[in-house]
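First chain A sits with chain B, and in the next complex the same chain sits with chain C.
Let's turn to the complex of A and B:
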């Protein structure tokens, strides 16, 4: 492994490590625009120049294209290097509109940061700046301000190398050069939002975030995308203190969080832009009894009464629980302890042949729209007597064998269409727990509102069996509660012998005899972060 | 959508086989297409992309970088007047002014009848015989206003030149 010296500090790095990465290991940031560890090396922006001394010779060269070689001495802060970096920056900023006050990227823009760190010159340009397309729709999710672009080519390489189709290009010549999608062809690949994160300046922007919040108002927690079984690691960026624009919008955007084993630097657009379901007028806000609003006490008492009334007749064989695999491991665990072990329902089902199979690809997206099917399997979801599939349970209801049904999140309306009323007519009672309003909730004997992942903490097990924790960003909407808490309260009424106060004690209990689950160190995670990205490039 | 003739397609194929990567044949293939279509507009780019089996974005990145590909229609006679240092010293500016006046158009424009267009270009490697220009593929050197008039007359015998006073002629 080559050993080198950077600014008088010695470091040994793996063969092939370039000087930007090597310096970063020492906490030294070599300024760069075009380099990104997830993409090929272009060496085009010229920002990363350093002084390299090797075999008795000194030269100024790029840090991104030069791998560390044994015996190199590198300086990133000599007066000569500083002068060069400043000059490169001045060129890159020559025609830049410097409209930071109206730029969504202000506060997280490399041009701004580098100007403060390495520029600080006065503008010497006394002719007009060149103008380029300013508010251009590049695709369904992304907009472009071509004047702000520094032509680093990261976005171009992302589409080409990661997605596999060139959807953006740099066209023209000299000061005329402009980054664009092909005329008449959208930047519309299912990963298009990543170019916004990659863009070091405010040229490519999220259309949904345009003029929504100044970036420095945002807070951030670590989360897991619930939109497919990959379980990409994300940050939830939220703000509850500056709601001057869109009343009630707390979750402002989702950003990828680096995880080499799951999603590297990327997330897909389905996951990224799916957050609008959280601060949504369709959220279930209060418990309902027969469609009428009520409080938790009354609703739980009613649920208890209904369940108790059926324990003798029709008895366990006539009772069923359906649960969608978007519940967390903690929810599943308590559901099993309550419905399987305490009140002993004979029919527990979750494995509904997915109605909406996603278009899987070999980048991230899987075909399973649920985040925790693996967790359900690992925790042995199912009943002791019958190994019932959801579809069989539904058949049994139509056949009049099942009289009481609890539904957690399962989209029965989507499955059954207008058959749903016939199904309800077959039941003595129906208890529905869900996050969003539905006619099923209105028709249920009791309906209970649930919190979404962004409003609570918990764990999902992804398609590869990785147990991943997510944190709470904002308070549950209305009176909604995390599912495990509802199950805890209901369990208490039904004489359960267990009792849990916090999510992580539930997790501890479920992980006890499961070595694959026991590895997750619950407390070794952060709370709300100030810095938005801890892993930005 | 326009399409390239079979013979041009064959030539393009042959060019692509000459290089380790087909992208390497992009410049000559674009020239072939320009010869056939008269210009490289959006549609021509897409035809070239289809023939070469690469992304239209890559074709556009190349075609828009080089000035020798026309993105707007040029005249039947396309005058490419060198504006680099040697020709300029030899009077290229006067030549360009004369052409503009004779044809009644500005540089980078085309006459209404579609016969002539004028473009300023970089060095065409005849610095020893400036001022120089290309009319389509034909080279003209040691240009004077009279020579220009001759070239225009030769291309379009019907064209009336005398109603326009050229400053170049006054000398």
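Let's turn to the complex of A and C:
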């Protein structure tokens, strides 16, 4: 492994590591625009120039194109290097509209940061600035302000190299050059939102975030995307302090979080823009009894009564639990301890045939829209006697063998269509737990509102078996509660011998039963940022 | 020094593009000799090194050394690209070589390809060269008919396909790696080096790129022998060079002179000095990318190093003579407009810097400038000289500084206060 010296600090890095990455390992940021570790090296912004001394010869060269070689001495702060960095910055800012006050990217903009760090010169512009398309719809999710663009080409390379189709290009030449859609092409690939993260300035912007919030008001927690079984690592950006224009909207956007084992720097648009279901007027806010609003106490008492009555007749063989694989491992664990081990339902099913098979690709998207099917499988979800499939349970209901049914987050209406009423008619009672209002909740004997992943903490196990924790961003909507907490309360009423106060004690107990899951240090962040790379490029 | 015609030897014959006439004057003799005597390819490369033939496109890199960089045992095909994208303002030597003696070029191509082990040669021709394209394509067809190009040439088992590729008119495509991108059908953006084209060139294969004039000189090296060829020139620069004189010269045109002839001699003895008895204001010695010289600076030998030492460049050897009526700020404005327009836009300093200089130059030429604008130009020009992907930025930056420094008074006269 080559050993080099950067600004008088020695470091050993793996063969092929370029100088930007090597310097970052030492906590030295070499300014750059076009370089991104997930894309090919363009070397076009010319910002990352450093002084390299090798074999007794000094040269000024790019840090992005030069791999560390044994015996190199690199200076990122020599007067000459500082001069060049400042010069490139001055060129980039020359025609930049500097409309930071109305730019969504202000506060997260490399031009701003670098000007404060490396620029701080007086404006010498003695001629007019250029004008280019200011508001251009690049695609369904992304808008383009070509004036702000620094022509680093990251977005172009993303479409070419990661998605594999030319959707953006840099057209023209000289300073008339402009970033634009390829003729006849929309920026409509399922990963289009990543170009917004890649854009070092405010040229490519999320259309849903446009003028929504100043970036410095945003708070951030680490989360896991629940939109498919990949388990991409994300940040939830939210703001609950400045409610002046978004009418109760708390979650402002989702951003990818680097994880070398899962999603690297990317997430798909389905996951990225799926947060609108959280602060949604259709959320279930209160418990219902026969469609009428009530409180948790009454609803849980009613549920207890229904379950207890049925334990005698028809007995556990006539009772079933259907759970969609979007519940967390903690939910699954407590559901098993309650329905399998305590009240001993004979029919537990989760293997719901997907309503919606996603279009999987070899980048991130899987075809499974549920985030935790693997966790259900790993934890052995099913009754003691057999692992029932959801379809069998439904058949048994229609056959009159099952009289009491608990449903968690399952889109039964979507599955059964207008058969749903016939199904309900076959049941003595139906308890529905869900996050969003539905006619099934209205028709149920008892309906209980659940919190979404953004409103609680928990773990999902992704398609490859990686157990990943997500953190709570905002409080549960209305009176909704995390599923494990509902199960805890219900369990207490049904004489369960266990009691948990917090999510992590549930997980701890789970991990004792399931040692493979004990890899997780709850207090540490995980879906860990490994090795050299950090999130922000 | 008197004119010494090698590559321009047959320019005077109108029928030279016809293969029969050309062969009667010795065309393809060296190529035939290479094949019949089965001269080892290494010997040819050695001969070209001995001849001190330097790249005539402007950079002056020794041709034999360049060929030597190409890996001999590459599993990939190798290519030759002849750079006929003559776009440097002031330069018109390649056009003459293509139009007046295409067979000399083809013979040079054949020998070069044989020496390096290449079976496909591209001639990347400037988009505006309709006439040269027709003439060279004719010549290729004739040479194929005569069995001097194509498959199994003269029964030697050596194959060579020569393909003309027309550019689309961008100046930057004369830069060798932009040329490769353009040849491949992409946008004419220069590539990062390394890797150099000799290792990773056209279609990711090892590629030799040489100027038309460089390749046209190859048959003469074989004819005369490397040592004799080298003797014509100076210590480091072998042979002759075609110098194109344009502008306000009494006898503008192409002059083939031994390397090392003085610039003064070229302008006054060969091109007859300034026309109409006017005074000389300045000379741009080697195409628009080379820093301007004042009349008292012309006593420099025309060779790569000496010109560098004098703060300018030999470039493509295209001297532009400017008489006393010329406004240097005007020249500066036109020139910077050219570079601002032709900057490919890939890298920041050149893209922004050239336009900034042009807009400032325009402001000055229109009489709206201020003395501080001159200092600004001197300040920003070095900021895009050498910090870029390719030398296009430097091609404006160096001449800009020279013009402003050498003719500062003339710029100041245009300013109101």
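By our rule, the second predicted complex is superposed on the first by the 524 of 537 C-alpha atoms of A that agree within 3 Å, B and C clash if a C-alpha of one lies under 4 Å from a C-alpha of the other, contacts with A are read in each partner's own complex, and residues count from 1 in each chain.
Going forward, contacts are C-beta pairs under 8 Å (C-beta built on N, C-alpha and C of every residue); 3 or more make two chains touch, one makes a residue touch a chain.
Note that the structure is predicted; figures quoted are calculated from it, not measured.
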Between chain B and chain C, point out the one touching more chain A residues.
C
Taking the superposition as given, does A:307 touch the first partner, chain B, the second, chain C, both, or neither?
neither
Let me test your reading of the model: by the given contact rule, A:182 touches which partner, first (chain B), second (chain C), both or neither?
first
Does the superposition put A:45 against chain B (first), chain C (second), both, or neither?
second
Once the shared chain is lined up, is A:94 touching chain B (first), chain C (second), both, or neither of them?
second
Applying the touch criterion given at the start, work out whether A:168 contacts chain B, chain C, both or neither, answering first, second, both or neither.
first
Chain B and chain C contact sites that coincide on chain A, given as residue numbers
170, 172-173
In the complex, the residues of chain A that touch chain B are 160, 165-173, 182-185
The chain B residues in contact with chain A across the complex are 42, 55-58, 60-61, 64-67
Mind pulling up the chain A residues that touch chain C in the complex?
41, 43-47, 49, 60, 62, 65, 84, 87-88, 90-92, 94-95, 124, 126-128, 150-151, 170, 172-177
Mind listing the chain C positions that touch chain A in their complex?
170, 172, 187, 192, 340-349, 351-356, 359-360, 363, 370, 372-373, 376, 379-380, 383-384, 386-389
